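What follows is a set of structures for review.
Look at the two complexes coming up: subunit A is in both, with subunit B in one and subunit C in the other.
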Partner chain A sequence: MSRTTSKKRLLGWLADAALILYFVFALFPIAWMVILSLKPANQLFSTYFSFSPTLDGYRTVLGDSEGIPFVRFFVNSLVVSLGAVALSLLVGLPAAYASARWRFKGSENLMFTLLSFRFAPELTVIIPLFVLYQKLGLFDTYVGMVWVLQLVTLPLIVWIMRSYFADLTPELEQAALLDGYTRKQAFFKVAIPLVKPGIAAVSLLAFIFAWNNFVFPLILTSNEAQTVTVGALSFLGGDRPKYNLTAAAALVSVVPPLLLALTIQRYLVRGLSFGAVKS
Partner chain B sequence: MGWRLALRPYVLIVPALLLTCGILYPFGLGLYYTLFDFSASKPQPDMVRFENYETVFTQEAFWNSAWVTVLYAVGAAAVETLLGVAVALLLHRSTIVGRVLEKILILPLMIAPVIAAIIWKLMLQPSVGVINYLLRPFGLGGVQWTDTPTGALLSSIAVDVWVYTPFVAILALAGLRSLPTSPFEAAAVDGAGWWYTFRRLTLPMLWPYVLVAVIFRFMDSLKVFDIIYALTEGGPGDSTVVLQIRAYLEAIRFQRYSFGISYTIVLWAVVYLAAMVLVKHLGKIQRKAAEVAAK
Partner chain C sequence: MSTAVALRGIRKTYGKTTALDGLDLEVREGEFFCLLGPSGAGKTTTLKTVAGLELPDSGTVELGGKDMRGVEPYDRGVAMCFESYALYPHKSAYDNLASPLRSPRHRLPAAQARERIGEIAELLGISALLDRPVGRLSNGQRQRVALGRVLVRPARAFLLDEPLSHLDAKLRQQMRAELKAIGAVQHTTTLYVTHDSVEALALGDRIGVIRDGRIVQTGTREEIWYRPCDTEVARAFGRPRINLLPGVVTQDGGFRSADGKVELSVGAQAAPGTDVLIGLRPRDITLRGPGHELTGTVYVTEVLGRSVEVTVRLGEQQVSLVAPRPDTTGLRPDDPVRLSVRPENLLLFEADRPERPGRRIEKSA
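And now, the complex of A and B:
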């Protein structure tokens, strides 16, 4: 008896140890980035774990002193990601509601076209846009970026909000209609408040994906509307590798998504799987 | 009033429809461009019909890229699935360690893939990177990670695995938590062992959840761009030039727009076919899982 329990306990420890091993793999790069970003320039390569920490790296990155306007890139990321999410919500919520409530011609086609955007190679759309934007004067502009980011945010918002609306029983709205609400009031005063947590979560997730996007700003912006993901990479260029600055820039650009992610844990499953898996 | 009611759903989707058309337009335009020889050096292009596609399929570079892409996608999706499911099973035990770690499981997934590649590039640097420093006591201090063809491909896959394993783990964990309890109770009453329960109950019922994750991961890694661009830029040589990187080089670097788009159209067709096959398989797996759960 005692032999089986001690064997069980040993297995339990091994399982925990395996789990910890995975999390070392998952967290070490983040920790190492923090360490690297705090190193002074003269201790970059001479030491690994013992050094005199300094915020100089952050000062340089945020002080634009390397000729890379990182603060502006950060503001750009903020503007285009917020703009993209706002436009997608405005356009996507009514569409999600309509396709969850009524079966009608065209709605399924629209839904699957939107889903196919999620799986289309980005360059198929970007290369023609690259040519088109230069003709239209949308190259390197906020409007151009918000437009193309719909490819990321719109399918996400429509598909996930549809699954939230579909989970609401129509009887609630019908009761509201019987109470003399108009259909519009039923939508705004009954349906929307009930799916509010869903809207909040999907907006944050869409924001994160828009923020993390790299290939759109890489090709469709050059300096004015460039974002942090492209900006962080430019610290790697040049003659001498500036590891501490690269790490500081990388860390600054991952702070917003990381903080937001921790607040929407509960809603992530549905969001990540486009509503295909509910928790 | 009646006709207005019938029109309502259409009115609601009109804005989304317009926006979708705005995205479909460049896609259609791209498709149209592939029939021409449009490039920066030839702004007044001539119609060449399917010549671009013929060139794509007869180029050795295409077959090399296709092969690298498949290796990358299969490798990344396979490792992420195994590791992700393992992590989910370990977390499902809900020990104290597990409950603490679960809260930070998501972190790598929320880091932009390009930033992840930058972090790993710094760590994998052969002479001053921290990985070789940590490996030195084991006599492995001189690995040339991204400087050899095989090393570069494996390193890229490793970054993909680092970023996306939490994705599989999160979906699998949600699956594990939503499994019906009665089949497990029945098995426990019958005195079934851990392995039997796992193989006959957990795995078949969990598989639909895992397959959703696999579909997302496989299709996404077929069109990988960010990680490779930042980590290896396709090198050394042509060893990590996946299809989207090749399309980027042709269309943006060499400014042969038509030819570059042709590459992405071919890739799009491959992704579409893969999706059809996988989704069909998903339906079959879901029915099987429902049977097991009903028993």
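And now, the complex of A and C:
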């Protein structure tokens, strides 16, 4: 008996060790970024872990010095990501509901087409889009960015919300109709409140995808509507790459998705498991 | 009496399955109409067609004499109790009951609504549960809330889909007795769907028997019981089930069982030699009484409280009967026994065929 317990304990230690190893592997890049962001410029290339830490990097990034308007990029990112998610919800929730409730000729094809926007690598469509945007005056505008990000957020929201709506029995809305509510009221008063956890989960996911998108702002913006993902890289230009500033900018740009995830965590856990179990 | 709900020639298919196959049904104003049928017969589809939740492929739905084509469910003024309850899971029992009274079409001032909900909750014995979210109610409690949501509001017709099926036996019996006494039910046309023949007999002013998407017979409980249109309907009502013995019509219009052991004069309105089934309800057979006499041997007896179910061998057939307990004392398996049955209680049917159950044959006597 003592042999089996000691064997079990050994296995437990090994598992712990493996986990710790994995954590180190996964978290080291982030730790390295933090270290990098705290280094003064003159110790960037000459030190590993011992250096004189300073917040100068953050001050520079947030103070818009170096001629790079990082705060504006940050605001741009917020505006276009939130805008893209909001527009996708506005259009996508009714679309998801309709496609879950009514099957009509070609409805599956329509849904598949929508999903196929996610198959094509963004780079394959970026050149024609660039030309279009130049001609339409959408280049480097909020409207243009919100619009193009629909390619990222809309299919996600429609497809995930569709399965949430499909899991709701239509009899709930039918009951609402017989209680004297219109179809619109049944949608807003019965269906929507019941898929709230799903909306929270999918909004967060869509926000993260929109926030992290790199290729679209890289090609379709230059200055006015540029976002943090591209903006953080501008610190690498010039005669000497300023890695500490890039690291600080990257860490600052992690904050919004992180905050959002923490605030809706409560919904998120329920939301991700909600679709699996019929209540 | 005028017709409150009329369905004419309703057909409804889902892909290749036919749910309703030319269904005709009329429910009179103020009537309590029970629709009885096995699962999959089209009962729920019928209700949803009346409510406008399912649109028929062909045929017309009339409410109060008006064609309901193109009329949305919320404008039909009917209330429905779903078999799945369809309670709003994010709301309390009270809010579920209040839902119709807050809708634009049946709105009541909050104070009046509260009073009305209080009355209904009292009636259904759910007053103590009103604050609970429906997720924390038992199935029986949910079913009563669902029924309450129907009764709480005025309606042109109540559509009730197995509203008592999930109650425990005692409560079901009690609710069955009380349901028809509820004021709202008394003066509202009610279309009640069930698969339980006891419920249908107890509640229905008239009963419609549905099978494979058609109404096969409509009538009062007496009509359904004493003049079932075919063997299926006869089998559907009464426990233990009706005894059906195969045989042929004799020259003089009598019945002779297939093994030749049972002969009864019934005055069959059918050609001699026709294959028939004779139906004897277990409670119509007595051990000592007037009428035709049959002799057999006891096969098995089973005490059902105050009465006893006796299974008797008649030649190669078995018939069951229910007799008061004193009549059966001393009966042992293989004892010879004499049964009697009144001629008017005999039912005669054509033999069942694979494509349809045998129809009842009229008797002259």
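FYI, the second predicted complex is superposed on the first by the 260 of 279 C-alpha atoms of A that agree within 3 Å, B and C clash if a C-alpha of one lies under 4 Å from a C-alpha of the other, contacts with A are read in each partner's own complex, and residues count from 1 in each chain.
Quick note on the criterion: a residue touches a chain if its C-beta (ideal position, glycine included) is under 8 Å from a C-beta of that chain, and two chains touch if they have at least 3 such contacts.
Values in this document were obtained by computation on a predicted structure and should not be read as measured data.
S.K.: Could you look at A:G106 and tell me whether it touches subunit B, subunit C, both or neither (first, second, both, neither)?
M.R.: In the superposition, A:G106 contacts subunit B only.
S.K.: Should A:M33 be classified as contacting the first partner (subunit B), the second (subunit C), both, or neither?
M.R.: The answer is first: A:M33 touches subunit B but not subunit C.
S.K.: If you stack the two complexes on chain A, which partner ends up touching A:W159: first (subunit B), second (subunit C), both, or neither?
M.R.: In the superposed model, A:W159 contacts neither subunit B nor subunit C.
S.K.: Considering only touches as defined above, state whether A:Q174 meets subunit B (first), subunit C (second), both or neither.
M.R.: The answer is second: A:Q174 touches subunit C but not subunit B.
S.K.: If we overlay the two complexes on their shared chain A, which of subunit B and subunit C does A:L194 touch? Say first, second, both or neither.
M.R.: second
S.K.: Please work out whether A:F119 is in contact with subunit B alone, subunit C alone, both, or neither, and reply first, second, both or neither.
M.R.: The answer is first: A:F119 touches subunit B but not subunit C.
S.K.: Residues of subunit A touched by subunit B versus by subunit C: which partner has the larger set?
M.R.: Touching more residues of subunit A than the other partner does is B.
S.K.: Could you pull out which residues of subunit A sit against subunit B in one structure and against subunit C in the other?
M.R.: In subunit A, residues 183, 279 are touched by subunit B and also by subunit C.
S.K.: Of all residues in subunit A, which touch subunit B in the complex?
M.R.: Residues of subunit A touching subunit B: 12, 15-16, 18-20, 22-23, 25-27, 29-30, 32-33, 36, 44-45, 48, 87, 90-92, 94-95, 97-99, 101-102, 104, 106-107, 110, 113-114, 116-117, 119-125, 127-132, 147, 150-151, 154, 158, 183, 208, 211-215, 218-219, 229, 232-233, 236, 241, 243, 246-247, 250, 253-254, 257-258, 260-262, 265, 268-269, 272-273, 276-279.
S.K.: Please name which positions on subunit A make contact with subunit C in the complex.
M.R.: 169, 171-172, 174-183, 185, 190, 193-194, 279
S.K.: Quick one: in the complex, what on subunit C touches subunit A?
M.R.: Interface residues on subunit C, with respect to subunit A: 48, 51, 53, 72-74, 78-80, 82, 84, 86-90, 99-100, 103-106, 135, 149, 153.
S.K.: Sort out for me which residues of subunit B touch subunit A in the complex.
M.R.: Going by the criterion above, the answer is residues 8-10, 12-13, 15-20, 22-24, 26-27, 29-30, 33, 38, 83, 86-87, 90-91, 93, 95, 97-98, 101, 103-116, 118-123, 125, 128, 130, 133, 162, 165-167, 170-171, 174-175, 177-178, 209, 212-213, 216, 219-220, 223, 225-226, 229-230, 243-244, 247-248, 251-252, 257, 260-261, 263-265, 267-268, 271-272, 275.
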